[in-house]
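One structure coming up, written as structure tokens, with questions to follow.
Letters A, B, C, D and E mark the chains as written, and numbering starts fresh at 1 in each.
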Amino acid sequence: AAQEKTEFKLAWSIYVGWMPWGYLEDSGIMDKWAEKYGIDVEIVQFNDYVESINQYTAGAFDGVSATNMDTLSIPSGGGVDTTALIIGDYSNGNDAVIAKGASSLEDLKGKPVNLVELSVSHYLLARGLDTVGLEEADLESVINTSDADMIAAYATDDVQAVVTWNPLVSEILGSNPDAVNLFDSSKIPGEILDLMVVNTETLEANPNFGKAVAGAWYEVMGLMAAGDEAALTAMAEASGTDLAGYKAQMAATEMFFDPADAVAQASSEALPGTMTSVAEFLFDKGILGEGAPSADFVGVAYPDGSISGSEANVKFRFDTTYMQMAADGAL
Amino acid sequence: MRLINHIPARPGAIILAALPFVLIFVAYSVASDFRLTANPQDKLLPAPSTIAETAERLFTTPDKRSKEILLWNDTLASLARLSGGVAISAALSLVLGLAIGLLPYARSLFSGFIAVLSMVPPLALLPILFIVFGLGEVSKVVLIVIGITPFMTRDLAQRVMEIPKEQIVKAQTLGASSWVIAQRVALPQVLPRLISNVRLSLGSAWLFLIAAEAVASDVGLGYRIFLVRRYLAMDVILTYVIWITLLAFVIDWLLKSLSRRAFPWMEAGL
Amino acid sequence: MRLINHIPARPGAIILAALPFVLIFVAYSVASDFRLTANPQDKLLPAPSTIAETAERLFTTPDKRSKEILLWNDTLASLARLSGGVAISAALSLVLGLAIGLLPYARSLFSGFIAVLSMVPPLALLPILFIVFGLGEVSKVVLIVIGITPFMTRDLAQRVMEIPKEQIVKAQTLGASSWVIAQRVALPQVLPRLISNVRLSLGSAWLFLIAAEAVASDVGLGYRIFLVRRYLAMDVILTYVIWITLLAFVIDWLLKSLSRRAFPWMEAGL
Amino acid sequence: MSFVSVTNVWQRYGNRSILERVNTTVAEGEFISIVGASGCGKSTFLRMLLAEERPYKGAISIDGGETAVEPNRERGVVFQKYSVFPHLTVRENLIAAESFEKPFGRLRGAARKAAESRADATLERIGLNHVSGQYPASLSGGMQQRLAIGQAMTAKPRILLLDEPFGALDPGTRLQMHDFLLELRDETNMTVFMVTHDLDEAFKLGDRVLVFDKPRWDPDDPGLHGATITYDFDARNKGMPFQDILDQYPSLARD
Amino acid sequence: MSFVSVTNVWQRYGNRSILERVNTTVAEGEFISIVGASGCGKSTFLRMLLAEERPYKGAISIDGGETAVEPNRERGVVFQKYSVFPHLTVRENLIAAESFEKPFGRLRGAARKAAESRADATLERIGLNHVSGQYPASLSGGMQQRLAIGQAMTAKPRILLLDEPFGALDPGTRLQMHDFLLELRDETNMTVFMVTHDLDEAFKLGDRVLVFDKPRWDPDDPGLHGATITYDFDARNKGMPFQDILDQYPSLARD
């Protein structure tokens, strides 16, 4: 069991919806809130998203920014009991299937698709193919392609379709007239959630940690909702773009500026269904590990106390306590 | 007696040589055990027994979907790329090295250029490579070639220039043309060096291969490592790392033996 | 006259040396122009003038947020990591190389281990490194150290063993202890080799540095390239690549001069 | 009858004069020994005879021909070291003397067979037939030089140039090499130039002994003037006793 | 009076016998020349005197001491090559002979000053004072060997071992080195063992000449029997004319 402690470390990586984490650290807002609760929270930037989750899973961090899918597969699948402290947003068009000169998903049949394998892109593709009655096996192949090189890859003749996320999506759509958005995450709202997940034991032993982080986060959310230029510009630059570019990406992101919205999302009736289909996808790909006997081997707990998957192995919890406190102004 | 004059006896020497490996293994086992006690599902440092099981599975169990054993597919794909890249580099560096070493004109033309080229970080140029060579096998091979050829060329040119002037003059007095000198005097004398260059460059070649496979691929040792990193399957990663180390070792040993066999006029060397 | 006997005259030689650079530049300009004509927004091959402008901006305009010039910050951060890693590797490989080369016990203990270690692909072990050494500067430096030390150690040990037996015996007849032999006979003779080893290893060191910075960092040349790669800001990438090449070249040149200055008893070498 | 004629030859490197006003003529079949202080330009002179480098001024002609621009089969050479090819066996080294002038540097079929038997005959002659399959590195210094001379002679050059060919050998081997060389000369009547540091050797082997020295000397600028042939001894029938040279040129005594 | 005594010494590598039953005693101040066919074990014998390796059987004692287990300051040595330290200047090479026995291999302050002036005196003595600041690579072979001998003597060893010290020098320089060595001996009365291939040299310098040879020879297994001392000539006052050795041991003539 985790001990009470006063120093915490969060990891985050560059993505539209997570840029506030960098701003929190740089602007001193995090420190301010941490001080208020008598603790110290350090927020560390990763360039490599997977590495940040791996580091969290290995215990080097107390929390990490991650999607619901990756949380389920890596830390929860790896036995680290993890709680979604904050639901920041869901992808509402931020992830997309893009093809050259194709008009519908059916056209992908027999073609190679480049994407980051086993990522939310892969999940999005699977969900998309589902809608037109295709399976991954109907494609020529799925080629694992690093997100960092996706734009260059798209520019080559070998590549006919890619699945990726912002800012790459807007970059590709913007600079390639023949690029067509065949399917994006706005068609599966609420399925790709961008979270701040933390170690459940740590959180239980240190409620102040949850309070400080939630308080700081929603202060920045307030600034963003109010259109604070300075904050938004800082985030834009940190992600390597400018204000306009960042705002464009924000448009495809359903940010929960208001903690009440986030609470609502966590309590949504659709969430268990989403998590179950994500788990099935992961199991199908063998990501839940060789030890996983079935898709429901990891249990997910929801705010109302219901559980999907194995009740004996709950490793992923949606907890609205701290978001609710923010909504109530109790921080 | 001085330390330098203490020579371990036969059994002691073998135990000593094994010691670091044993220590690493014990350290790993302890660390793994420690983590697994805290969290039985910990993935970072799987127990040695888990790794052994995983390794056995990887080497013998075919993939559900493709009915092929992925590890062997990965190995074949990577070795093909590696050997392709290294072979092209070797050929290129041999031709360029001979030209630069023997012909003053070629020396003026290339030596500065290659010195600069050898300083360029090739990984940063990947996007351009992709556009020019596509995303397929070619760009992976080209990355290896770009990565290791400048170094090999510089070294070979250096070696050609180190061939005693006397031999070149002697060959001329025997009526040899530039071509005959290149091919009958210089070439055979730098071939052993080419092999040791290949041995020296293999480490970098693996690095570039893994980097290229991490960027865009659907088969290969580097691809698999980066893919399973997605779910921190360290048992798979460690199996692959050990396998790559073993492959590298065997290749190195083969090249060393080849060099010894093929060039009886050389001392053991390197 | 034979080709090998044709020697370019002075101005010709300079033109020849410049030729490949000019050709590359022209080829790039044409390709860039071609792509830009087809699509004025093309980012892959920005016009040379665009690169020049970008370079000027990067070198002179401070970042709005931090009021610092990012390029210089990146350079300082990367050079600090690089020199830290290389310095540690050099020191380590020197100590290990001397021990392995001089002491039979150390040789038995380490030489097999280091031979195996030099075959391990360090990039695949990154996750473990980050856990053990954290995400700060340490892990970046350690990656460089792990990446280049085995090679340098092997080579230095080899060189120590190549010191003529006669010298070691002679030193003993002058009453030298093992320590004096290491420090007064072997060390000064392998120092020049250490420098050439550092020169040889710098390429790999850059590679590891860039790889480490790409994973977790918020400043550094590799980090910046990685960051802007997502937007295919090739003007920035190319500026950084040229800058890295230049830095590498200058460092190499400095080391070469140092070696020549510091070891007057050596021939020019490598 | 002048077979080799050296006419007013100068050589300089940068602005250092090495040789100046070198004139001499040599008849076919003469054995010329060349002596002189270290660094005075003996090897430079040989390199010019070899056409490895061209004179700064002046002309060197063999049998009335032009000054050559690069080494060719007219000129055979043996250096102190590195005169044989380490990657070829003893026998292959001899065959190389015939095959290297071919377009691909190789002989095939009957030509190869013929060259091989000629090589074996030569090996017999120079006493290396028992090591014909070995590589030079496994031969003693004396055997290597014998092979080098055999190889040079196989190409049937018009002049043979030797630059301290026995400089690296111990005294016993050296004496044997003298006998070997004298025998070979008797058989072939080759025109030979040999640089040596050993005055004994120079007088024992040479028909003439040329002494190179600086006739002028500028103490402020040692590089201003070059060396030339300051003495040309007749060494046949023992010639002038060589001890006299040392009186005249104390610099020829080794340090 | 036996100063060095070698008692029933055997040496073998693997199962090849190199030396067997070697016995001899040497008085203080004697100069022993050692000759023998190539590969017969002369250097091996010297290495055992040096304690670089230990005899397989038997004992070697200096002044009644135990058989040594490793080289020490009692035994000075000069090899054919690599006997001086290339990274030290000529002067530093001499100072090294005093400083290397110190814990850190360096002398400081007054001790250093004193060693320096002793080194300068030695340099004067061995005629190298004009190159005291140069590195060995820039010296001629003869100067390097002179330095090596000077360095070995600076350590004041009880016996001096020379393994073909002049083997790489040309004949002129060799003669000068003989004079140099004879002078040094007259001054110091050092006990010297010198291996050489040059019989002239052996008889000229040595008080005694030891011949190593295989007394027994198994044609089926040449490695079965080792060599031993088969002759021990008195070479003082010219001794027995050395030509007679060649009649007895034709193998001593060089190939």
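Odds and ends about this structure:
Just so it is clear, a residue touches a chain if its C-beta (ideal position, glycine included) is under 8 Å from a C-beta of that chain, and two chains touch if they have at least 3 such contacts.
Note that the structure is a prediction, hence the values are computed from the model and not measured.
Shared contacts of subunit C and subunit D, meaning chains that touch the two of them, come down to B, E.
Separation of subunit A from subunit E in touch steps, taking the shortest path, is 2. Shared numbers divided by all numbers used gives the overlap of an interface; between subunit D and subunit E this overlap exceeds half, so the copies present the same residues. Chain copies subunit B and subunit C are related through a rotation whose angle, from the C-alpha fit, is 180° to the nearest 5. Taking the CA centroid of subunit D as reference, the farthest chain centroid is that of A.
We define each chain's centre as the mean of its Cα atoms; on that basis subunit A and subunit D are separated by 82 Å. A straight line joining the Cα centres of subunit B and subunit E is 48 Å long. Centre-to-centre spacing of subunit D and subunit E amounts to 36 Å, using the average Cα coordinate of each chain. Residue positions of subunit E with contacts to 2 or more other chains are 70.
In subunit A, the residues that touch at least two other chains are 51, 54, 58-59, 148-149, 151-152, 155.
Residue positions of subunit C touching 2 or more other chains: 2, 44, 127, 131, 172, 177, 229, 232.
Every pair of chains meeting the touch criterion is listed here: A-B, A-C, B-C, B-D, B-E, C-D, C-E, D-E.
Within the complex, the subunit D residues that touch subunit C are 69-70.
Every residue of subunit A that touches subunit C in the complex is listed here, in rising order: 14, 44-48, 51-52, 54-55, 58-60, 147-152, 155, 167-168, 171, 175, 233-234, 237, 240-241.
Those residues of subunit B that touch subunit E in the complex are listed here as 1-2, 5.
For subunit C in complex with subunit E, the touching residues are 164, 166-167, 169-177, 179-180, 183-185, 188-189, 263-265, 267. Chain contact summary for the complex, subunit C toward subunit B: residues 2-4, 6-8, 12-13, 16-17, 19-21, 44-45, 102-105, 108-113, 115-116, 118-121, 123-125, 127-128, 131, 151, 158, 168, 172, 177-178, 181, 200, 203-204, 206-207, 210-211, 225, 229, 232, 234, 237, 240-241, 244-245, 248-249, 252, 270.
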